[in-house]
Every structure is written in C-alpha cells, then in structure tokens.
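The two complexes that follow have subunit A in common; it is paired with subunit B in the first and with subunit C in the second.
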Partner chain A sequence: MDFLLEDSFPRPLVALAGNPNTGKSTIFNALTGMKQHTGNWPGKTVSLARGTFYHKNVRFNIVDLPGTYSLLANSLEEQVARNFILFNRPDVMLVVTDATCLERNLNLVLQIMEITDRIIVCVNLIDEATKKGIYVDSDVLSEELGVPVVATAARRGIGLYELKEMILKVYSGEIKPSPRKVNYGEELEKAIGELVPRLEKTFSDGINPRWLALNIISGDYSIEDIKKLIKVRDKNRGGNAYGYSYFSTVPRNRELR
Partner chain B sequence: MEKHVITLDKLPIGKTGRVAALLSKGLFRRRLLDLGFVPGTPITAYFTSFTGDPTAYRIRGTVIALRKEDASKILVIPE
Partner chain C sequence: MDTRIFQRSQETGNSDDISHVTTDVKDLIVEKIYEKAESISRKAVRYEGFRESLDKKIDLLLTSKVTGILFMLLLLGVIFWLTLVGANYPSRILAKILFGIQGFLESFLVSIGAPEWVNGFLITGMYKTMAWVVSVMLPPMAIFFPLFTFLEDLGYLPRVAFNLDYFFKRSGTHGKQALTMSMGFGCNAAGVVSCRIIDSPRERIIAILTNNFVPCNGRFPTLMLLASLFIGGLAPDLGWLLAPIAVSGLVVFGVFTTLVVSKLLASTLLKGLPSSFILELPPYRPPHIGGIIIRSIYERTLFVLGRAVAVAAPAGGIIWLLANIKLGNQSLLAQAAAFLDPLGRLVGLDGYILMAFIAGLPANEIVLPILLMGYLAQGSMISPDNFAGLKDLLISNGWTILTAINTMLFSLLHFPCATTLWTIRCETGKARWAIFAAVLTTTVALLVCFIIASLYRLVVWAIL
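Coming up: the complex of A and B.
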C-alpha cells in the first residue's frame, strides 16, 4: 500500500471527507460505480478506498477518507484524514455533510476550510431531511461559507451530475472557492500574523502555514511534531512502507486493518 | 431567575438540559466541542447501561455515550 506516497498519487485527486454516517461511501460508490462496502460502524473506512470516475473526458482519482468529527488526530481515523489532506493536498476536497444535522457537520467543514481552499461542500441526505421537514438553502450556505455547495441524495442518484460538474469546475479553476476564514480576534490574529511568515520559511512544503500557526498556538502540535511527521513522510517516500502507519504516530501494537 | 446548574451525570434519564459550560481543559475539551457539546446546546439523557455507567446522551441528532467521570465535567441547566 504505497499509495499514500504523495508523488505516486495519480492526479487529479479528489478526496472525500465528512462526519461518520453522512454517506461518503455511498457517494464514492455512486461516482465510481464501485461496490465499496458501506456500513454503519466506527472504523469502517479505515483502509482508504480508491477509485476513478470520468467526467467530460477527465479521469478523476477519488479517495474515500475515514469519517471523522474533527481533524484533531485524537484517533487513527482522524490522523489518517488529517495527514491525507495536509500532505497529499487533494486537487478537490469534497466534504460530505448530513442535511438532517447540518450544524454538527459544519465543525469539520470549518476545520478543513482552514487547511485547503479547493473545497466543495456536499449536503447529502436531502431526501431524509425533507422527510423531517428540513430544507437546506444551499445558495445561502454557499454564500456564508464562501465555497460551492451541492445538495445530493446519493442513494437515489439525485445531484450527482451537479456534483461531478462542480468537481470539474473547481479542478479546472472555473470556480474558485474562497473559504471564509474564521477571525480569532485581535490578539490571536496578531500572533498568527507573526507566526505565519516564519512558518512559511521553515515549511516550504506547502503545508498551510495558517493552519500550522493555529495548531501551535492552541498547543495541539509543536513544530517538532510537524517536523517529525514530514521527516517520516520523506523517509518513506519511494520506500516500501506498509499502509499509512508511517503517516500516523500509532503505536505498533495497534491492529491496522 | 437563575436556574440551578448541575453536572451532566446528575441529569435524570429522559430529562433534557442545555449545556452551560465545560470544566475540562485541553484536548478533551476540544474533543467534546467537536462532538457538539457547545454551550447552549440541548442535551437529553437517553438511557444508561445496566451498570449505570456509561450513559447515552442525545445531542444534535446523535447519541453519544459518556462515562460518569467525563459527564461530571460538563455543566448543564435542566429544562
């Protein structure tokens, strides 16, 4: 499983992220025509599923990331998802949300918006939401977030064409999402402003410096942690690493499936 | 009128309250926030395991089980 090596990843690369149970795998299957197992238990998608689909003669490679509520790297799933977004820098980042409980899903959307610009929010399960009397105005949501929003009901195939169109448009640059940045207040923003230029110098790898600054300020990561991660990644680049264990700092004895 | 604040583990089964504050710090606090334990959010004690710990809570459309120890770090205002 050397597919996590950044350089070997075929492009254009689309990554699917989202909370657990939002139908990421259903969308993945609908796009690729594959029959990836879908199921409702934690850790279902811990091995990244890969597939391809064509839209208007462009061959997209798509990766189904594990479902997470956050990108804090509290768990294996979160580490895999976060490292993938940080290091593999997908050409299009598709965040799948559940229309029936959109609010809790937006937490992850905001976190991903802090890492990457090329993001599309997919509001899935609109059929379920309609049953519950919930109507999501994707235009307003799109305006609020500054990124394209596509409503889908993947199980019934609703909205999938629009989704593919949007993926193509974001990939080609026809549509340029400009995610609204969270303003953390004067004091923090000043600190971020001081950190960002220095981090840009230290990590010219293209890891979003604002994200790094935020994580260092919040105490989640030290620069050493990030350096270690990059070192591990570089060491394994081109090597025959097993799975994503080198990407995540998971103890050896933990069972990887 | 100020309603009395209790810790989440004291919320009776079937009753609903609103998250008032989180007493935990650091990563665990962030974890709780990520899961939707944000001040003002309605939370319902759903059911408890037969040993009485952990207890399942319904919050923002999902059921989440918390240990008594962790639930005692969350302040709620019963409704």
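Coming up: the complex of A and C.
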C-alpha cells in the first residue's frame, strides 16, 4: 500500500488534540521547536504535523491531531483524530483547551476520556481569559475530571516547563490519571455494563471496550464493523502495526456506507 | 433502552431498523456529556468583572426559537419592500431612456437603408431584450445586493443557519444546508459549489439537489415584477404592502419546498441518519459601507447583469428569428407554443410561458423578455415601455391572477439554469445527478402549479 506514510510511530508517543483556535499549534511549535514535519493524507487535506522534543533525556515523539470540536466522527478531521487515539494508543494524550470558553472545550475532553486514560488537560490562553475576567481553577478542574491539569499561556511561554514535567510524569507512571467518566444514566450504564464483559471476551486486545459498547449502542458501529476493523489491524500487524492504513479503511458513520 | 434493543443491533448489524432508538441514544449521550461539561465548568471557572458581551445579548434575541424566526421573516419582508419600492422609480426612468434610444437606433438603421429583417433582428430582437433585462433587473439588484452583502458582513447569515438548523435536522439533513441554501439566493450555481462544506456525501447530494428551490438573482426580478403588477395590483391602496409580502411568501414557500423535498429524499432515495455539526457564531462586525458598495455593485450586480446581457442579446435575436421564420402559415415560435399549450393550460400557464422557460435555460433572467417577445410577435401592437402597458399586454394574452401566481411558482421551482446543471454535474461527478435534479424540480413545479390551478378552478366554479 503506497499511501502508508510511515510504518509505525516511534515511542514514547504524545498526541495533541483540541478544539480549533485553542493555541494547539502554538503549544506544538513551542514544544518541538524546528524539529517537525508534516504528512498529508492521500487525496484529502487533513495533515498531521509531527515532531520530537527532549525532556530530562527522554525523547518524546509528538503528533498534532486535527483541531476538532468532538470525536463523533462526523467529519474527516474528527475521524482521523478519533482513530489515531483509538488505534495508535498514544502514551500521553494532551488535550489543549481554551480558558476563555472552557465549557465548550470540555465536551471534547470528556469524549477523549472515553477512549484513553492517560490524559493531561492543558488549559491554554489563561492570559487572555484573565483579561476578560475569567479565572479557571486548575485544582478544582483536575479534581472534577480525575486527570492532571496544567495552565499555560503558550504564546508567552508560561507553563510550558510544567507541561513537559507532567508529560514525563504521566509517561513514567509517577502520576496515574483516573478519569471520572460521564455517567449516562441508569439504563444506558446497565446496557454498557452488560455489553462490556462480552466485548472484552470477543476483542481481547486493543480497543477500549467501554467506548466500543457506547458506539455499538448508539448505532455508529455494528459487531461486523468492529470485526472488520480488527481484521484490518491484524493484517497490518508486524511491520506497520501503527500504520496510517486504518484511517482510510475504517468505515465512517454507518450512514455513509 | 433495554438490552433487547442493542442485541438486535448486534445480530443484524443493521442500524436502519433501530434508527429511531439509536438517534435517541446518541442524543442522550451527547446531552449527558454537555451536562457534565457544564457542571464541571460551573465549579472550576470563576467570573470576576466579566460581563456578558453585547453580542451574546443580541444573539439571545436573534437566535431564540420564537423571536429569531420572527425577526428573520420581518427582515426578509423589509428587504423586499425596500427593493420593490426603491426599484420602481429608477426602473421607469431607465426604461424610458433605453426605449428612447431604441427610436434613434431604428431611424438610424432606416436612414442607412438597412433591410427590414436587419432592423427586426438587431433592434426588436437583440436590443429590446437587452434593454428589458437592464431596466427590469438593474435597479432591484443595485438595492438588493448591497442589503444582502450588508447582512453578510454584519455576521447575520450564520445566525440564519443556526435558526434553520432545527428544521433541517427534522428533514433528516445537515444543518449546514441552511448556509448553502442562503448562498443559493445569490446564485444557485454558487450555492451548489458551497455544498462542499457538507462532509457526508448523502447530505451533500440532498443539499445540491434542492438548492434550486430558493430563487436566485436571475429569478428575483421576475418574481418582484409579477408580484407588484398582479398581487400588488389587487388592492391599489395596499399594493406597497402586498407585493413584498407576496415575494417573502414565495421565498418562505421555496424554503418549505426545500425541507419537504429534502425529507422525501432523506427517507427514500438517500436514506440515513442526520449528522450533527458545530457552528461557531462569529462576533458581529461593523460593516464597511464603502466595501459593501464596491463588492455588491462590482462583483455581484454588474457581474450578474453582464452575464444576463451577454445571454439576453443573442437569445433575443434567436427568438426574433423563430418568431419571424414561417413554416406553413405559422411562425416556428407560434408552433412551439401551440405544441406546449395543452400542458401549459393544464397547470394554469400557457404554451408561450412554458416555451419562455425552456428558452430561458441558459439564464433565468431572460424568461420574461422572451415571453414578452413571444406575445408581441403574435401581432399585438402594445409596446410595453411602461409597467401599465406591460400588465395590459399580459392581460390581453389571457393572463389572470392564477397565471401570475403560477408563473411565479414555476419560476421558483422549475429546472435549474444551464450553469447550475453543469455545476451539479461537476460537483457530483455524475451527469445523472444533474438530470435527476432537473427532472425532480420540474416535476415538483408542474405538480404544485397543477394543484394551485385545480384549486383555483374549483373555487371559480363554486362561486359562479
């Protein structure tokens, strides 16, 4: 398959997600400096910027995912971001949020929390928020989400060292985030609870069973879809276990097929 | 939600039969996520010396379910009122000047001894059609475009999309279709191109196929003129109010048709679940008046007018030829009209009107001039150099209020112009979608006109 850009992503892998216009790219640039390059999707204009940075002698690989408001996979950007988190399972998931409109940004954070545990929330643009009279309490936010929170003003370089520290700590396991997941109400949680053990049996490795259960219940995927996904993944095992080929073969919403 | 339901989804692997359930579940999931986001941000975010911006207060009014829709309708009415009232006077002056020049040109051609047919082809055919297009179209466009551009600059259009999202979601289509529909008011070809912003192919096709149900600038002048002549003419004292209401009503009906046809397509040919989207309402910006005038006059008014004139002049010449080349003892034009007449009569129109729409395929702007030429070529001696004369000409050719209403409806709903059809072909990559768009819209147009004509005849029959 000639459209494979890279066989696999070197580890440790940090992925950067967030709403558009949250300063995600500023943070990416601040972390990587000039050590980055961009790969384009075959045929489409979704690009992934990639780079590296060192912190305390650990070489981190970082990928800048497309800016999205959600992961419900309605657009190609959302699909790419979601599948990356789902299949490449980054070692540290960094979600950048905008302090001036945190509520809207939290929707994405909560959705990512369904897929992976190793999350750090970066509250960016705190300088602009202060100017507008908006103050975000990182400790309360961290407590409520169950994941570490770092406040930054990336354009002025504020909070970047703390951010790198946190990435290292989460990677090394010194800090273990335990996301407090959304409770979808008694009925739905019961349904998820019944489905998860069976999914764990069927799909013993890889995809987060709770996320799978949610998507099966909401009708985005059927068991057949998931099996197809697994097959694709297994085919790509070995040489290119983390290849890009997933993105082009994973079906989108059911309606599109 | 019980386990039985999702087990079924596992077994069949088909979401169609549980679509109503899954939509509810998806809504529930999204709702819970939003709730949690709200509750967390309430605890973690503190506002000090922060006040709600003026934008947000205005948006509360302009995007609420009730006042938002009311304001939209009111705005639509005011825009058409301004356009109709404002365009009336300059249109008359332009017509007077341009038809005055016609006299000069005619006597010039006669003086250099040009043959009769040259005079007919160049003046009665090409020049007159062109003069019509300019005098009827230029003033409304010169008023309507700046107003529309003003709203665009102000940042109001995303609010329109926001207000209409609910209705489109109910039709099983994408909320962004409200935006592509708004683009269609300018030009349907542009509207079709703008459908690229819709990601789901299913929803994009629906948006493309139904874009033509909102009147573009080529059709607005026809609608406005007929509305002010016939609807406004119903009550001379209230004409200034009735005509804009009629045009607004037509636009609303066009939007309504868009929704109904979208719903039909979404539940038959192009089945599927609507996908959600997030629309950021940009801040309101004070528009730059100078920029608006330059952009709306140069880039839109003169562009559309130029295109119209470029099509109208040769088309006028060709129609004149058709009207004057005789086969047997009837002109080609009259024969074509006679052929179309039974169908035309059935749907409350006539053969000449249908023929004018067919001949207007290259551009909708020339439908009315072609129609008038068709009538005039029949030997009628009225020269419509003023609006009263125009109305008399139409009435003397058997027009009633029904003809006027159905001509407006047919103009609103009929097949897209050649440019739009070509754009549909390019955007979908398949000629069959363009053909389907033409068949679909024309069927709807004929059906609606037939129903209106039948109702009208029923009422007339009941009264007499």
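FYI, the second predicted complex is superposed on the first by the 215 of 257 C-alpha atoms of A that agree within 3 Å, B and C clash if a C-alpha of one lies under 4 Å from a C-alpha of the other, contacts with A are read in each partner's own complex, and residues count from 1 in each chain.
Keep this in mind: a residue touches a chain if its C-beta (ideal position, glycine included) is under 8 Å from a C-beta of that chain, and two chains touch if they have at least 3 such contacts.
It should be emphasised that the depicted structure is a prediction, and the values quoted were computed from it without experimental measurement.
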Which partner does A:195 reach: the first (subunit B), the second (subunit C), both, or neither?
second
Taking the superposition as given, does A:69 touch the first partner, subunit B, the second, subunit C, both, or neither?
both
I'd like to know which partner A:133 touches here: subunit B for first, subunit C for second, both or neither.
second
Determine, for the superposed model, which of the two partners subunit B and subunit C contacts more residues of subunit A.
C
Partner chain(s) touched by A:110 [first = subunit B, second = subunit C, both, neither]:
second
Taking the superposition as given, does A:185 touch the first partner, subunit B, the second, subunit C, both, or neither?
second
Quick check on the superposed pair: does A:214 touch subunit B, subunit C, both, or neither? Answer first, second, both or neither.
second
After overlaying the two complexes on chain A, where does the subunit B footprint on subunit A coincide with the subunit C footprint?
69-70, 72, 74, 103-104, 107, 218-220
Can you list the subunit C residues touching subunit A in their complex?
1-3, 6, 9-10, 12-15, 18-19, 21-23, 25-26, 28-30, 32-34, 36-38, 40-41, 43-51, 199-202, 271-273, 275-278
Looking at the complex, which residues from subunit B come into contact with subunit A?
26-27, 30-31, 33-36, 60-62
In their complex, what parts of subunit A are in touch with subunit C?
69-70, 72, 74-76, 102-104, 106-107, 109-111, 132-138, 140-141, 144-145, 182-185, 187-188, 190-191, 194-195, 214, 216-220, 222-225, 253-256
Of all residues in subunit A, which touch subunit B in the complex?
69-70, 72, 74, 98, 100-101, 103-104, 107, 218-220
